[in-house]
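Each in structure tokens, the structures are laid out below.
There are two complexes below, and they share subunit A, which is joined by subunit B in the first and by subunit C in the second.
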Partner chain A sequence: MYDPTVARLTYRALLGRRRAAILFVLPALLIVIAVAVRMFAGADDQVASDVLGGFAIATMVPLIGVIAGTGAIGPEIDDGSIVYLLAKPVKRPRIIFTKLVVAIAVTMVFSAVPTLIAGLILNGNGQQIAVAYTIAALVASIAYSALFLLLGTVSRHAVVLGLVYALVWEALFGSLVPGARTLSVQQWSLALAEKVGGGGAITSDVGLPVATVLLVAVTVVATWYAGQKLRTLKLAGEE
Partner chain B sequence: MSTETGAATGSETSRIHNIGYRAYDGPRLGRAYARRSLYSQSLRGSFGLGRSTKSKVLPMLLLGVMCLVAAVIVALAIATPNTTQLPIKYTSFAIYLQAVIGLFIAAQAPQSVSRDLRFKSIPLYFSRPIERGDYVLAKFAAMVSALFVITAAPLVILYVGALLGKFDFADQTKWFAQGMVSVALLSVLFAGLGLVMAALTPRRGFGVAAVIAVLTITYGAVSTIQGIAWTTGSTGAVPWLGLFSPITLVDGVQTAFLGADSAFPGGEGPGAGAGVVYLIVVLALVAGSYAVLMRRYRRVGL
Partner chain C sequence: MTTIEIDHTSRWFGNVVAVNDVSMTVGPGVTGLLGPNGAGKSTLINMMAGFLAPSTGTVTLDGSPIWRNEAVYRQIGIVPEREGMYDFLTGREFVVANAELQGLGDAEAAAALATVQMEYAQDRKISTYSKGMRQRVKMASALVHDPSVLLLDEPFNGMDPRQRMQLMELLRRMGAEGRTVLFSSHILEEVEQLASHIEVIVAGRHAASGDFRRIRRLMTDRPHRYLVRSSDDRALAAALIADPSTAGIEVDLGENALRIQAVDFARFTTLLPKVARDQGIRLLTVSPSDESLESVFSYLVAA
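And then the complex of A and B:
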């Protein structure tokens, strides 16, 4: 199911030149914040949890997910060069699967690794907080990548839609309407982190079994549907 | 150009074959007209007017959300007996709904400039009698106006509602004026930053992500650190940290000069002294983004 050539092209599209800059800026910012906070406030479990939960998981991971997930396929569909790829004897679901693997890998590297480093800087993995949030970031990377890759095949405005989901649904509605939190990748991944982290420093609004089922379901369904969408893709003109 | 060919027609005898082309001798509308057209087209384009139905959906939806929230606030204030003022200040409105404003600028700034770069229509603009400065000025002004429309419309609704509810006229007018100044400042600042980020990339998708990153990520980072600084007792640092994100800059300026309540943790907004620094930073950012745009279009696509 994995096609090395498609993967290589996708990596180059994602990490080429200026596009990668934004991917580097966010993790760098997280680490700078972690260092500043450590010097400011010293090692404190609650502060570490606030920074990782409030900035890393809530803001950074979704944003990198949007960039990597939609960036893996969006620009190609946008400028029409996807037809050269589709004309090759490679199955469409296979293309999607390969692009998904690449998007997941990129999201994981740029979100989970800095989260771990920031967590170690903040409180030296006290109460397993660094590891717990890293696991949450890893799991969230998979679900976000699948979700936003699907958006990339469905709509021309995938980035905007992805941001609306990440900012308006998860952040705004999630903080106002408790029910919205049940349907949020962020809370599902935090459910896993809650299990790993000790001392109740991390809380999630979703139970672990529900979260696991929903995570797997969203990832599988999104990938399958993206494959289906790509099979019947229509190349429209620019608006 | 055309005047030269007009002069060349003088020597009829040297012509081998005259296919009857005529020089244009109608009125020439000139540079100011071209600049005005570019401005109005860009402004209409930010709301999807004159474009496809699909591209009207998002901007109109965001404008609708802003106005709806304002209408609900007004309705609640009037329906509640014995209220003498609105539940929120005019200046707080844009701060509360910053996510909506951020999405609007993120979606519309790349729409306004990235496509010109990507489809190489910039040289076509410059084949008209406009110059680099005119293009930048028109796009900048259009984006500022679009943002002003989306941020000022809900304030007008609040104001009209407040007057209909027979709240104190003098107070409401003063606060409304302060709110308008604050959203005007916000519009100029956000438009500048948004256009700079969008003009750096010809890809619309990356432009959207970059604008959101500048507006939202910095806000997330700043408010996280401010929260920590406040809980750990370093309250003196809170106002200075606000210098590092656009929305907290606007918050700081209006707290210092426009009688707003700061949204900083503990309401620790800057005083008049720090407020001057805020204002200087805002003006420097606006001037800086204009300079960057001018520089960006000095040699593009030619």
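And then the complex of A and C:
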């Protein structure tokens, strides 16, 4: 299912664009915050959990997911260069699957790795907090990548829609409306972190079984649907 | 022998009909798809390329439908009109990627780059290429798997005369090798120089089909209209109407000129200066009033 040529083109497109700067800026910001907090507040489990939960998982991971997920396909559809992938005897779902793998890898590298580093800086992985949030970031990377790759395939405004979802739905509604939290990638991934972290430092509104089912379902359905949409992607609009 | 068959195919976008009940067969050799801008040429090519579903009718390659059939791309090579083409790659990397996606490798990519004579710049980034260079690299990417069908959408747009000649030579060779080559253009001269067979599309309809002599004759035999000003309009009108090449003359008092309708183009163009000289009349203005491509094409549709 994985096509190394499609993957190579996608990596280079993703990391070569100006947009990719955000991929470096956000993790750097997280590390800077972690260092500053550690210097001024010392090692504190609750503070560590607040920083990782409030910034890394709630803001950074979805934003990186938007950049990587939509960026893995959106620009190619916009400028028409996707023609060179589509005009080949390559199954369209194979193209989507490969781009998903790339988006996941990029999101993981730029969100889970800095989360782990920040966690170690903040409290030296006390109560397993660093590892727990890293696992949450890894899991969320998969679901976000699939969701935003689908968005990039079906909409020309994928980045804006992705940002609205990431910032408005996940961050705002998620904290105000309890029901919205059940339908939040962030909460699903935190359900996993909750099991790993000790002492009730991490909490999720969703139970682990439900979270697991939803994570898998969203990833699989979004990827399948993106493959179907790519099969019928209309490259030509009106003349 | 590979043939694309378009059978009673229409395509509309919302309320706009871009292609209207077109049927044609595109076989080996070079075929030119001629029509004014916005006539539906790109829509038609996109359906032949499998990028667009026909709203009604069928588009097939040797009998198998092209839409939603990735296998046809083993036989079809496509040179799209749009410029987007992974500008961050070098020409060589781009063609190699295209080769790999066809299950081929560096050797085929090198051969394709040699065919379009782009080896000298193959290690430069595509973003540094001129329009003509981009076109040739696109061409290499389409040729890398030695396809039996080549579809090109406005390939000569923005090319300088030398690049145009080179590409024409290449396409002619492809056609002579027995490939099915189809290119679109809105410039009659381009199509005439290159295509042995011409399909004319106007306003989404299939207006004419045949070799270029037939199309050329259809275009030159139509009635031509001229606006003429002279030192003695009425004397000139009287002398011209005596000849069968002139179908009608109107004295336009507002414009202070003659509006002449000629039916025999070749004869009229030699007649007018001769008559003027014989009668001692000075010609001040002679301008064709319906020479726009659109009017030529719309005449063809009506014919």
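Keep in mind that, in the parts below, the second predicted complex is superposed on the first by the 233 of 239 C-alpha atoms of A that agree within 3 Å, B and C clash if a C-alpha of one lies under 4 Å from a C-alpha of the other, contacts with A are read in each partner's own complex, and residues count from 1 in each chain.
The working rule: a residue touches a chain if its C-beta (ideal position, glycine included) is under 8 Å from a C-beta of that chain, and two chains touch if they have at least 3 such contacts.
Quick caveat: nothing in here was measured; it's all calculated off a predicted structure.
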item: Clash or fit (per the criteria above) of subunit B with subunit C on subunit A; value: fit
item: Subunit C, subunit A and subunit B - angle at the middle CA centre, rounded to the nearest 10 degrees; value: 70
item: Contacts of A:K234 with subunit B and subunit C, given as first, second, both or neither; value: second
item: Touching partner for A:V90 - first (subunit B), second (subunit C), both, neither; value: second
item: First, second, both or neither for A:I67, with subunit B first and subunit C second; value: first
item: Minimum Cα separation, subunit C to subunit B, after superposition on A (Å); value: 8
item: Intersection of subunit A interface sets (partners subunit B, subunit C); value: 78, 238-239
item: Footprint of subunit A on subunit C - complex, ascending; value: 13, 16, 18, 37-38, 40, 42-43, 46, 49-53, 68, 70-71, 73-74, 76-78, 80, 82-86, 88-89, 94, 97-98, 100-103, 141
item: For the subunit A and subunit C complex, residues of the former touching the latter; value: 3-6, 8-9, 12-13, 16, 76, 78-81, 83-92, 231-239
item: Sites on subunit A touched by subunit B in the complex; value: 18-19, 22, 25-26, 29, 33, 36-37, 40-41, 47, 50-51, 54-55, 58-60, 63, 66-67, 70-71, 74-75, 78, 157-160, 163-164, 167-168, 171-172, 238-239
item: Contact footprint of subunit A on subunit B as seen in their complex; value: 51-52, 54-55, 58, 99-100, 102-103, 106-107, 115, 119, 200-201, 203-206, 208-210, 212-213, 216-217, 220-221, 224-225, 227-229, 231-232, 234
